[in-house]
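What follows is chain A paired twice: with chain B in the first complex and chain C in the second.
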Partner chain A sequence: MFEAIAFYTFSAITIVMFWITVTSKNALYAMSALAAGMIMISGFFFLLDADFLGVVQIIVYTGAVMALYAFGMMFFDTTRDVKERVRAPKLVFLLSGMTALVLVIALVAPILGDHIEALYPMKEGIENPQAVGIVLFTKYLVPFEVAAVMLLVAMIAGIVLAGKKMDESLTLKVEDEFTQKGAQ
Partner chain B sequence: MTTTGFIIATIIKILVVLGLFSALAGFGTYLERKVLAFMQRRLGPMHVGPYGVLQVLADGIKLFTKEDIIPQNAVKPIFMIAPIIGAATAFIALAAVPILPEFEIFGVKVHPIIADINVGVLFVLGVMASGLFAPLLAGMASSNKWGLLGAARTAIQLLSYEVVTGLSILAPLMMVGSLSLIDINNYQSGGFTDWIVWSQPVAFVLFLIAGFAETNRTPFDLLEHEAEIVSGYATEYSGMRWGMFFIGEYANMITLGFLASLIFLGGFNDWGFIPGGLAIVLKVSFLFFFFLWTRAAWPHVRPDQLMWLCWKVLMPIAVLNVVVTGIVLMM
Partner chain C sequence: MITLSHYLVLSAVLFAIGLVGVYRRKNLLMLLFSTEILLNAANIGFAAISKFYGDLTGQMFAFFIVAVAASEVAVGLGLMIVWYKRRGTLDIDSMQSMHG
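Then we have the complex of A and B:
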């Protein structure tokens, strides 16, 4: 009974939060609601006894991803409403609606047809993190390593793009200007 | 245990933890002022009650009765929610911390931990990390330049030091082979020489340094650096909402003290003739005192020095530590 109560509570809050994210005109509301929704999703993982994934959901999505969004939002005035200009609202509605519908059908179809089964089921006596580790380092080793290399490439590219003038210190530059102006 | 018994026990534990730790967080402010005063050869609060002990109560009455001001241009709901996030995440993090060893009271065996999940360390660190939303949203919602600067500093400081915290505890976790705080504690049950701090001194130092940054304590308290950005994210706050940020901060300090003593300093195992329950209280108190001691001894750092320290010094050392630990464990 408690699982059912928890599930419906979490799902209701998640849906409301993401609804606010999509419909709100204020960027700050949207961001806070998105973060809250992400945290609520981790509740489903805890309900499914996937503690490790639940905690990873909290750390990755709220700790890292959302904080980066927030950092990007520092460039806007978050207290004002965002003015959106949608050229063809019907087309946007149709495309996003169709995508959502296709996703729902794709995910629900195997459940309705009872054709869903775990390829690598949990074994008794193995804890959550170990089970994830075993699958990650045996069956999915190659995708895992490829993802790691891609992240490395992205990081180096980021450093190269951002680091054009890194050998000049802005702080020292400003101080130099001050001393020059003082000398004049 | 029956379901009803379990629910009642959990609710009692939650109430005890909430009450005890919010009281301790309040009392922490008194201790901080007293310790700082003695280190600076002053007396500190002396007038309210004997040695100023009741100062906490007076401050509490002041905070509760103060007008709750919300600036006109602020984003109201977010501005009001932000301090609650700060206090709530600090207390939620305590849910997975085993506070004392098991004990019996009125013939009932009590596990002093609210939720014994097998990824305890990650849960505590993750929830503490999501506490960064409190200063972030507060700063962005209050439509104030200093607030915005404080929020920007929150994002860079807490995110960067999260990396160091994670990497530094990775090495002890590799030795123990479990993410459960109780397993980590039991790994060190052999006494003083079994403490992980002796085999992982580098990780311990890194964890403490990153802890100072994550709880926004003095050498790294750039979020509300009063000499540069007035009061940072808390500039527009007053009364109880302002107080909640600081209840959260002190609760986080206590949580971090528990984490450091459980992972590195032998946790709640018996320490010589000292029983385990007392031992962990002593360790946490010492770490709390250490936070205050550092505040009295060190000046602030600049933001660029902070980032330099994190990415060019601490993170490479932490990665090296993990690699060396891995090699030693393989041999």
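Then we have the complex of A and C:
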């Protein structure tokens, strides 16, 4: 009963928030709505007994990613409304609806065929974070290390891209830069 | 009673919303927001399947998706800052430097 109430409340709020994110003209409103939707999604994870995933969702998404967006938006002019020229808006809805439908069919087909077997079944009497740790550090150790390297590369890339004078490119000159350099 | 289908339908609805955003947004920042929605919709599906089939693999993939999303945001924002410094706009139509 409470699960149903929680599910429908969370899903209604999440859908509304993400719809605001997609349609809003103001970048700040879009970002705030996205952060609210992320928090609501962590509610689903708690409902699904994925406690650790829910905590990670809050920390990484609403903590790190949203803070990064907020810092990044200091570089852009966010007070102005975003001007967008949309060609064929009905086609957009049709295309996205059809794509989502095809994806759902493709994903649900093996479930309906009941060909799924649990590779790493959840054991009784083990809490979720502990079970996650056991599987992550045994079966998924190599992907875990690769993910760590990937995060390191992303961090270095972020520092270099935002910090160095990367906007003065040698390969992608704009026209006035050509003339300016040619005049010297 | 909430079943697996409920969660999968919700995941599909959120994915469709994200796809609408990807298709109709012309601003790069908004486009990145829409990709976050796509990744989160996939995460809900993974967590739901993990619960209803008693398998932790779904949650593992959700963790890796979170890691990928975090690094994607770091690199994407860096590239966006560079582009904004160069061109002063984040409109996708301004990126047609290779006219075919």
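Just so we're on the same page, the second predicted complex is superposed on the first by the 121 of 184 C-alpha atoms of A that agree within 3 Å, B and C clash if a C-alpha of one lies under 4 Å from a C-alpha of the other, contacts with A are read in each partner's own complex, and residues count from 1 in each chain.
Going forward, a residue touches a chain if its C-beta (ideal position, glycine included) is under 8 Å from a C-beta of that chain, and two chains touch if they have at least 3 such contacts.
Everything numeric in this text was worked out from a predicted model, so none of it was measured.
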Counting only touches as set out at the top, which of chain B and chain C does A:Ile58 meet: first, second, both, neither? first
With both complexes superposed on chain A, which partner does A:Ala35 reach: first (chain B), second (chain C), both or neither? first
For A:Ser96, is the partner it touches chain B (first), chain C (second), both, or none of the two (neither)? second
Just to be sure I read the superposition right, which of the two partners does A:Pro129 touch: chain B = first, chain C = second, or both, or neither? first
A:Met73 in the overlay: touching chain B, chain C, both, or neither? Say first, second, both or neither. both
Which chain makes contact with more of the residues of chain A, chain B or else chain C? C
Once the two structures are fitted together, what part of chain A is touched by chain B and by chain C alike? 52, 56, 64, 68, 73
Per the touch rule above, chain B residues touching chain A in the complex are 73-75, 77-78, 81, 117-119, 122-123, 125-127, 129-130, 132-133, 136-137, 140-141, 143, 148, 151-152, 155-156, 158-159, 162, 178-179, 304
Complex interface listing, chain A residues touching chain C: 3-4, 7, 11, 14-15, 18-19, 21-22, 27, 30-31, 34, 37-38, 41, 44-45, 47-50, 52-53, 56-57, 60-61, 64-65, 68-69, 72-73, 75-76, 82-86, 89, 92-93, 95-97, 99-101, 103-104, 107-108, 111, 116, 118-122, 131-132, 135-136, 139-140, 143, 147, 150-151, 153-155, 157-162, 166-167, 169, 172, 174
Where on chain C is chain A touching in the complex? 1-2, 4, 6-10, 12-27, 29-30, 32-34, 36-37, 40, 43-45, 47-51, 53-57, 59-60, 62-64, 66-75, 77-82, 84-87, 90-91, 93, 97
Report the residues of chain A in contact with chain B in the complex, numbered from low to high. 26, 28-29, 32, 35, 39, 46, 51-52, 55-56, 58-59, 62-64, 66-68, 70-71, 73-74, 78-79, 127-129, 171
